[in-house]
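Structures follow.
Look at the two complexes coming up: chain A is in both, with chain B in one and chain C in the other.
What follows is the complex of A and B.
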């Protein structure tokens, strides 16, 4: 299904989507984030500081609660999320690709019920990038595209005073059908402009990871390279790069007690982070990834070697957040290119 | 104004004469126009060094990292490590020496005066929609190279607040000093943002902080970037004490988790309050914590509050002098508080 929607009609379309909580990018306290829509929607954002990943994979997920009363067997109560149906507007193609990769991990060979309960209720209404949103975009070099519809239910393209809107899934078709007569059939001129807009978007210069196909083998060959420590020399070991990543999915599981007697609490999954010193700490006190270089190698190798080996695609989608937000200039494009160049 | 060549010459000279084992400085990064920290160990690397309004980083963090590394590998080299230090960085170095983190002879301070300049605030610049490839001071203006050509903005409109309010832009503790030491720079009133904030009543202030801390993702960038956050064990880590081969299972099982991993309001507030209190009388207002926060939590308000408290209650300014005992490690016989005597 492909239609035209006047820009002034978008609020009308959103109002017609009953049964959905609508989220769209908004600025609050100087930060772009997906917020529940409250009034006018203007899709004039660059990209949000955090991807929409958390809607399916929240930073904190309660698995079950537990209670131990003396003399009785422990009581466990599962807490499957009762997530609202949501439609997220303005998702950029790199983050749509991110959702595809998250689905590979949590919704493919093994289905994670908690992830699935949320994910199945999220619809992505994407917005193509007519130009890169920042100086660190590199989607084209990692198999993506600024106009990619991967992972989207609907993809909109800005054609000036109107959007070209394409449904890609049944959910997307239903969302568009709800807008009814707000949409009109695209004219030949609209299609021509769409083609031209997409061609210009793809032609726009971006940063690039070099020779993606050869990267996994070169990373493998460079496992013991001294470059890792050198490139991580300034790393402060914080979690910015991974917590803002649209595809990082490592987690920790803890019991959070709410009462000591009787013993009560929740088993909780929280995001974890391969850059933190305690991520790989063994109970013996031994830490196999003690150095910052080994942790940088893990992050980069997961994106560009292990994930391609397991799923046939790079995990990185080229959004550039980990570069832009790194306070000390650790740059995944530079790191991959330097390590692979060095591998010959 | 400092010529970058002076920094390079100083570093090259120190390394060539084998007076230092490394120089911590800034080089051009690959993330747009921003400088990044670098550690050079050979004289021929000195030409990498840069100096511009994006040299935000408080490099004294890497003195701490260096000490931790040396302790880990059980080395104690004779040669000092050199560091390019702005006024704020030098204050941090002084605090670290007051706390005996390292000795004066362990470090060679290449002081660089920010007199007449200062650091850029990335967010102020971004809010104007400017994507620049270069930034340089020209008198009272900052001049940016952009795809649309040169853009000139009065510096104080896009400089970091901490630089505008800074009273010691020239290092007081150094082995070599580059640039001029002109005291009395007053670009903005100190604690200006704090004063504005405190005009609100307690209910409004609490609502404000709830919103700020709800947003925290606990990436710990604020802690990780802080040269004063050097504890071996941090209250927020899931291992709340250093574990080694001799740590018993019982000790591990009985560890106290002061702060859960969940990024929820109660835990986030406890984390930030703990950090703020631990920085009282130690924070030198380099404001790296606020700069690196990906979700823009105004941490400077907290740290400024503690800084002003130390100043008003005890006449103490963190990082002013190595010869003064650290505030939290000293007391006065004349202290009005009975509990301490």
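What follows is the complex of A and C.
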């Protein structure tokens, strides 16, 4: 389904989406993130600081609560997600690709019922990038595109005073159908302008990871390279690179107690981070990734070697957030290129 | 696999045995399901044990899959959850989910000689294979168990090992000589080299401290064992057991799903991140 929607009609379309909570980019304390819409929708922003991954994989979630009265067996109460149906507007192609990679992780081997319960209620209404949204974009070099529809239910393209709107899934078709007569059929001129806009978007210069196909083998060859420690030396282990990454999925599970007697509490999942030293530390104190270099190598190798080996695609979508937000200037594009050049 | 992959079943502790005392005490626990059903497992698999209010820990299942009534775990007191476990009593209820990981290919080993080489608490993960092989004694040729610890006081499963004599050749060792000790004195890898098990139609299975495993493998190679004839089981920090939480990987493999059991032929190809 492909239609045209006048820019002034977007609020009307959103109003027609009953049964959905609508989210769109909004700024709070200087941080752009996907927030429930309150009033007018603004899509003319750069990419958000936070990707939308938290809608399916929240930073903290309760698996179940436990309660134990002395002398009795513990009582467990499941806390399955009761997430509303959500339509997320303005998602950029790198984050659509990110959702596809998160789905691979959480559905591989066994389905993660908590992730899936939320994810199945999230629809992405994407917005193509007519030009790179920031100076650190590099989606084209990692198999993506500024106009990619991967992971989207709907993809919109800005054609000046109107959007070209394409449904990619059944959910996407239903979303567009709800807008009814707000949409019109695209004319031949609209299609021509769409083609031209996409061609210009793809032609726009971007940063680049060099020779993606050769990266896994070169990272393997560079596993013991001294470059890792050198490139990681400035790292302060803050973890912002992974917390803002649209594909980083590592998590911790802990018990949070609310009462000591009788014992009450929750088993909780929280985001965790491969850049933290205790992420892999055994109880004995032994740590397979003890140094900064070994942890940077893990982050880069996971995205550019292990994930491609397991799922046939890089785990990096080229959004550039980890570069832009790193307070000490560690730059994943530079790191990959330097290490692979060094490998020859 | 249950619908809720993170929700443990409840299991009652029915038996506790103090194996070793001291700073890093080891206790063996038997747990039985509170409401009847519990998962089946294969030799070498692990389970996630919970003490509610303290958290979870991944522990090797130390009982044979042939035993259906209970599951056995030998746990060293090291961290937050294991220390709490050591304070539990018979009748207390814990959480259990699993089984996780691959298993020893025991069926492929029928008709072969088995040489087990364990050190310290590393006897527990290979104990299901030892006891399964002994229970199905006619299916296997010679069974040899090398087991060692720092001192006679640090040897676990002492009575159980004695009961295996007759069915298996039991070769015990301690690192340091002590009065009254009549068996081998020295490190486990040296005892293996000293007794020279034949690699002919033999599988060697080893588990123990990383440094012991390293020298055991070197010595087995000196004796003519091929990499494909040597098996071990490794550990890494784990949270989910399902290949999702991201921390137990060795290269592209999550130890909780692709491991913990590896032949040396497989393991030597992976980066040394364990």
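Quick note on the criterion: the second predicted complex is superposed on the first by the 342 of 344 C-alpha atoms of A that agree within 3 Å, B and C clash if a C-alpha of one lies under 4 Å from a C-alpha of the other, contacts with A are read in each partner's own complex, and residues count from 1 in each chain.
Quick note on the criterion: contacts are C-beta pairs under 8 Å (C-beta built on N, C-alpha and C of every residue); 3 or more make two chains touch, one makes a residue touch a chain.
Because the structure is a prediction, the values reported are computed rather than measured.
S.K.: Quick one: is A:254 in contact with chain B, with chain C, with both, or with neither? Answer first, second, both or neither.
M.R.: Both partners, chain B and chain C.
S.K.: Of the partners chain B and chain C, which touch A:136 in the superposed model: first, second, both, neither?
M.R.: first
S.K.: Return first, second, both or neither, reflecting whether A:328 touches chain B, chain C, both chains, or no partner chain.
M.R.: first
S.K.: Is A:68 in contact with chain B, with chain C, with both, or with neither (first, second, both, neither)?
M.R.: second
S.K.: Touch check for A:284: first (chain B), second (chain C), both, or neither?
M.R.: In the superposed model, A:284 contacts both chain B and chain C.
S.K.: Output check: A:124 vs chain B and chain C. Expected answer is one of first, second, both, neither. What do you get?
M.R.: The answer is neither, since A:124 touches no partner chain.
S.K.: For A:31 in the superposed arrangement: first (chain B), second (chain C), both or neither?
M.R.: first
S.K.: Pick out the shared contact residues on chain A: the ones touching chain B in one complex and chain C in the other.
M.R.: Common to the two interfaces on chain A: residues 252, 254, 281, 283-284, 286.
S.K.: If you look only at chain A, which of its residues touch chain B in the complex?
M.R.: Per the touch definition, chain A meets chain B at residues 29-31, 49-50, 59-60, 134-136, 233-234, 236-240, 243-244, 252, 254, 256, 268, 270-271, 273, 276-278, 281, 283-286, 323-329, 331, 333-334.
S.K.: So in the complex, the part of chain C that touches chain A is made up of which residues?
M.R.: 1, 3-8, 10, 12, 34, 50, 52-57, 78-79, 82, 93, 95, 210, 235-237, 239-240, 242-252, 257, 271-274
S.K.: Taking the complex as given, what residues does chain A use to touch chain C?
M.R.: 63-64, 66, 68, 73-74, 76, 78, 80, 105-106, 108-114, 223, 249-255, 257, 263, 265, 267, 269, 272, 274, 279-284, 286, 288-289, 294, 298, 302, 305-306, 309-310
S.K.: Which residues, counting only chain B, touch chain A once they are in their complex?
M.R.: Touching chain A from chain B are residues 29-32, 34-39, 57, 61-62, 123, 127, 131, 211-212, 215, 217-221, 223-225, 237-239, 242-247, 249, 252, 260-264, 288, 291-292, 294-296.
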